[in-house]
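In the part that follows, the structures are each spelled out as structure tokens.
Heads up, the next two complexes both have subunit A, just with different partners, subunit B and then subunit C.
Entry: the complex of A and B
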């Protein structure tokens, strides 16, 4: 079904958080203020790599209006953070490893005073060699950035005998692909309000994708019990993976506890660029071979990923990339190796697609090259190698079987744009410098955190004493529409009316551990949780209603209350009045995982195919994407507006990844510091996108709707590269695609030169 | 006054223009050798410079969302800060602070303006409309269109986006698609890919908002 408001009928709903968003009344956590609050600011290293010889804060502390200046000496607990490996210093003590490293923080009466105080903090540095190239960092004689070396993580996957298999290949493609340091560019920069409470507790109002993880990390840093910290973490002005890790929270928390006053921090865009995470730049070298009929026989891959100064989720992202470099193809002989390397660059971390975007760009490029060599239509080439129902996962692991890969392949094969592709490049005689081409690509993408990683799920339903049906989950709303999807599921699965509901998320004092709102997992987990809760919660409601209504049995929940035979018998409010305690049902479970014992290996996958039409302007070298068609197989559509929005939005982000976005660094400092030079797509860069949702799942499938937060962003780049090749015959190996690469020297000046010579 | 910006040439791009000019001169004198004891210089969050002791405040008199208001502010304070901090109008959002993203857009005498690039003193006598002022008597039709079509996700760009659309349609009730693109290309959205926004704008045009 092509998704649209019209095709969705009554399932297209107004978002519950919409009214506050369109009227500007929604209070984001960076909009909050408190009586007597101070402004916090962080001093960041302006050396990419140096020893700290001395640090003098006295002058700053003496400024009138400054309430606290804190450094590493003021961290009561662990001076480190990191979801997977907590080794990024809250405050650097004796060494800085990138220009985002924090050295001190100030709380003052105003932003101006805080900024002035920061300028008075003196740091003596002894400069160390700055390592910006991961491959330099891998050399044996390189300076070590961490005691354990510069290699954060190494991956390997071997199958069959690639060396022999290559010898038997009719065609071999060898290429090295480069992907950019993409920035999340959430419109709301990091920040929040930190309030030391009278009872000794601390309340943190600051965005994250997993409130309970922030609480755990803060507990370690502050040496405070987790129960003494309340993290309120939604609503959020965009995240895309970028706010999952701690950012301003340690500084706000420490300053609030030190001063005993509320402290607000809100990063400037420049500081957000400097200290915030980016997508891992990867260099992916591939050698891939096929037989004369285009059947893939051997695949050799080497991934080098730049994690910057610290780990955060560099290991996990590399695991993901390693699992996705073979795409949805069955290849008998493979040798894959990955390296995640520390450098003095900005820290790379979690970002929508999670290493898939880089891997899929590379493997799809290989298929196109081999198809050309073998003289086979590139879409046909994919079909010959595509996984079928029953095939094991990319690492040989058992996975949830669907027909997704074939479904998206077939869906795309049937569209007019793919028929147009057969016509070859398009030229318009009136505009000879513009050439068009059509290209396509396919992807499978894992969801959930993968084998061996705690991936809890669960939630709570409750009939509260005021008659509201409460749904309480530990998830976060950063724009994706999670609250709207939850509301829609409650209405469709239980028959409630929107007005019956109170959805509570993003507050560690009240939510159960539902796991993180990451990895395209929350939609699946909400759906499964509500399914698990359904028998018990509806039975408990019916039981209570029977007793409250004087013995009417067989009542079922519906809009406004409990119903029987098409009639409302008892409202939820009336039912609640008869209760002494709320009716509470809770479920605790785990994201489904493959039994295959390989850390990070996935069990649930979604599938996507994309066709695009591009215009390449040969004079400017600019590429315009004029048409896009996405076919997505991710199970039933839980929320049509949300689904469409995720694919369109993911695609927008991928347009930037492909054409314009790269947070450039020079000698460890960001050169692109703000949105004047870091160019994300505007409305003028986006064309209409058609999204076909393939909802069919095998009959026995019990996993329901899959999340679509990432799948829309992972395979646009190779489709564009393919279209560019059709248009101008050039193979793209490096993203974003530089205009210079596509510019052609006009023949007229050439002629003029010749004439002059003559 | 500007000494605090002097020592870190790497951050010059973040300075307000005036400070940057001063900075150019200082850096020419050799800021680079100052490695030891180098006062650091954070990225500049607020283009308004600290009020010097005794700096004269101005009395800003203008209308905000139809209400006459006055405020004592440093003349260099940005309208964005005045709206958010003095008047609690946090619907106007802070994002890039250099006029690129449009999250802080408001109407000044009916024209869309980035409030991060507007100084308080420039607003004397002006009529300012923020997102909060659009919906005084129920939702503005543009807001209604955004709500129905899902022209938002995280919502952080939405106030500025809605302001831009209102300004466009009041000037040009039936804009061509290229005119919509032109009018909204100063408003960045990172969530939607602009699909929902385009649908909302088309809906508003259809309904004849202008």
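Entry: the complex of A and C
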């Protein structure tokens, strides 16, 4: 079904948080203020790599209006953070490894005073060589950025005997692909309000994708019990992975506890660029061979991932890339190797697509090259190698079986844009320098955190004493439409009316551990949780209603209250009045995982195919994407507007990844410090997007809707590269695509003759 | 963040002169510590990037009367320097008199910026996207020097501006566009094109403008070609103009124009585009736009 308002009928609902967001009246956490609050600011390293010889803060502390200046000496607990490996210093003590490293923080009466105080903090550095190229960092004689070396993580996957298999291949494609340091560019930069409470507790109002993880990390840093910290983390003005890791929280918390006053921090865009996470730039070298009929035989891959100064989830991102470099294809002989390397280039971390975007750009490029060499239509080439129902997962692991790969292949094969592709490049006589082409790509993308990583799920439903049905989950709303989707599930699965509901998320004092809002998992986990809760919660409501209504049995929940035979018998408010305590049902479970013992290997996958049409302007080398069609197999559509929004939004980020976005660095400093040089797409860069949702799942499937949070962003780049090749015959290997690579000079005399003019 | 300061940050004082003379006197008094502002959209990006320091005083020109008007005047058009870009973008008179200038305005920034930014500010920067378009029109800039208002040709004004010799107190008060006058029976062609890093709301990498007349025989006259982009100096490309002046367009001319543009256009490389890319882009756009504009005219015979 093509998703739209029209095709969705009554399921197309106005999202509950929509009006406030669209009109700008919604108060985000960084909009909050408190009586007597101070402004916090962080001093970031002046150098990309240096030893700290001395640090003097006295002058800053003496400035009138400064309430505290803190450094590494003022961290009561662990001076480190990191979801997977807590080794990123809260404050650097003797060494800085990137220009986002924090050295000190100030709390002052105003931003101006705080900034002035920062300027008075003196740091003596001894400069160290700045390592900006991961391959230089891999050399034996390189300076070591961490005691354990410059290699954060190494991955390997071997199957069969690729060396011998290549010898038997009819065609072999060898290419190296490069992907950019993309920035999440959320609307709301990192920040928050930190309040020391009278009872000794600390309240943190600051965005994250997993409130309980922030609480745990802050507890280690502050040496405070987790229960003494309350993290309120929604609503969030965008995250895309970028706020999964701690950012300003340690500084706000430490300053608030030190001064005993509320402290507000809010990164400027420049500081957000400097200190925030980016997508891992990867260099992916591939050698792929097939037989004369285009059947893939051997695949050799070497991934080098630049994780920057610290780990955060660099290991997990490389694991994901390693699992996705073979795409949805069955290849007998494979040798995959990945290296995640420390450098002095900022910090790379979690970002929508999570290593899949880079991997899929490379593998899909290989398929196109081999198809050309073998003289086979590229879409047909994919069919010949595509996984079928029953095939094991990419790493040989058992996965949840669906027909997803074939479904999205077939769906795309049937669309008019793919028929247009057969006509070859297009050119308008009135504008002979604009050439069009159509390209396509396919992807499978894992959801959930994968084998061996704690991935809890769960939630709570409750009839509160005021008659509201409360749904309480530990998820976050960062624009993806989680609240809207939860509301829709409650209405559709339970029959409630929107007005009956109170949805509570993003507050560690009240929510259960539902796991993180990452990895395309929240929708799946909410759906499963509500399914698990359904029998018990409806039975308990019916039981209570029976006793409250003087023995009417067989009541079922509906809009406004309990119903029987098409009649409202008892409102929830009336029912609640008869209760002494709320009716509460909870469920606790784990994200489903593969039994195969390989850390990070996935069990649930979403499948997607995409066709795009591009215009290449030969005069300027600029590419415009003028049409997009996505076919997505992700099980039932939980919320059509949310689903469409995720694919459109993911596509928008992919347009940037493909055409314009790269956080350029020079000697460890960002060149693109603001959004006037770091260029994200605007509405004028977006084409129309059609999204076909393929909802069919095998009859035995019990996993329901799969995540769609990332899949819209992972295969646009290779489809654009394919379309460009059709238009102008050039193979793109580097993202974002440089206009200079595609620019031509049709008016240089030897070329001008009958070339384009006339 | 790391700039060492010898005193706390200040919020600049805002001066609100009511007349040109008062503004001029304020600037003379403050010297480098005072800066003329109107929309201050460009200045703000420079302050934020740290490329220009925040001055102690802002001399807000917006209180000066009659500097925001767009008036048809004796067949020409007078545009006050304080006319905001949104207004210029909507002005039917500007579209009629100087379509290249209006197209340049259309392509600058985004609505929220254009509502604040003034055409005077765009020009006063010395490199605004309007300038190449003004260079191919018969445009003059009105400047107040403390005593007199005088009109100067855009090229002369630019030469002074880029020499750094112009008096800092001078105030750009407006633009005067003469009605384009070509030979009898000729048709006016006026084009502006901008290439940035995305489709809209982008700083320019390259801008080109063309103004000329074409007669019924397909001969060009009054040819003016200009290019600019980014913070580079907007410039006339007179070698390319000479190739076209009095000529009918054929393949050889197109090739010669391309070569002339690439040779003469002085620009700079930045992290996002090389000098070669910018030169080729300017050459390609000028030639292709000429070809497109002439398609259907006598010049088409050659193709």
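As a working rule, the second predicted complex is superposed on the first by the 746 of 758 C-alpha atoms of A that agree within 3 Å, B and C clash if a C-alpha of one lies under 4 Å from a C-alpha of the other, contacts with A are read in each partner's own complex, and residues count from 1 in each chain.
Quick note on the criterion: a residue touches a chain if its C-beta (ideal position, glycine included) is under 8 Å from a C-beta of that chain, and two chains touch if they have at least 3 such contacts.
All of these numbers come straight from a predicted model, not from anything done at the bench.
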| item | value |
| --- | --- |
| First, second, both or neither for A:17, with subunit B first and subunit C second | first |
| First, second, both or neither for A:622, with subunit B first and subunit C second | second |
| First, second, both or neither for A:480, with subunit B first and subunit C second | first |
| First (subunit B), second (subunit C), both or neither touched by A:676 | both |
| Which partner reaches more residues of subunit A (counting touched residues only), subunit B or subunit C | B |
| Touching partner for A:651 - first (subunit B), second (subunit C), both, neither | first |
| Partner chain in contact with A:348 - subunit B first, subunit C second, else both or neither | neither |
| Which of subunit B and subunit C A:407 touches, first, second, both or neither | neither |
| Touched partner set for A:358, first subunit B, second subunit C, both or neither | neither |
| First, second, both or neither for A:28, with subunit B first and subunit C second | first |
| Residues of subunit A at both interfaces, subunit B in one complex, subunit C in the other | 43-44, 46, 112-113, 115-116, 118-119, 270-271, 274, 673-674, 676, 681-682, 684 |
| Contact footprint of subunit A on subunit B as seen in their complex | 4-5, 7-8, 10-11, 13-14, 35-46, 48-51, 84, 88, 90-98, 100-101, 103, 130-132, 134-135, 139, 143-144, 146-159, 162, 180-182, 184-185, 187-199 |
| Residue ranges of subunit A in contact with subunit C within the complex | 43-44, 46, 63, 112-113, 115-116, 118-119, 270-271, 274, 430-431, 433, 618-622, 624, 659-660, 664, 666, 671-674, 676-677, 679, 681-682, 684-685, 739-740, 743, 745-749, 752-753, 757-758 |
| Residue ranges of subunit C touching subunit A (in the complex, touch as defined) | 1-5, 7-9, 11, 45, 48-49, 110, 195, 197-203, 251-252, 254-255, 257-259, 271-274, 276-277, 280-281, 283-285, 287-288, 291-292, 295, 303 |
| Interface residues, subunit A side, partner subunit B - complex | 5, 12, 14-15, 17-28, 30-31, 33, 41-44, 46, 53, 56, 99, 103, 110-113, 115-116, 118-125, 127, 184-189, 235-238, 240, 266-271, 274, 478-481, 641, 644-645, 648-653, 655, 669, 673-676, 680-684, 686, 688-689 |
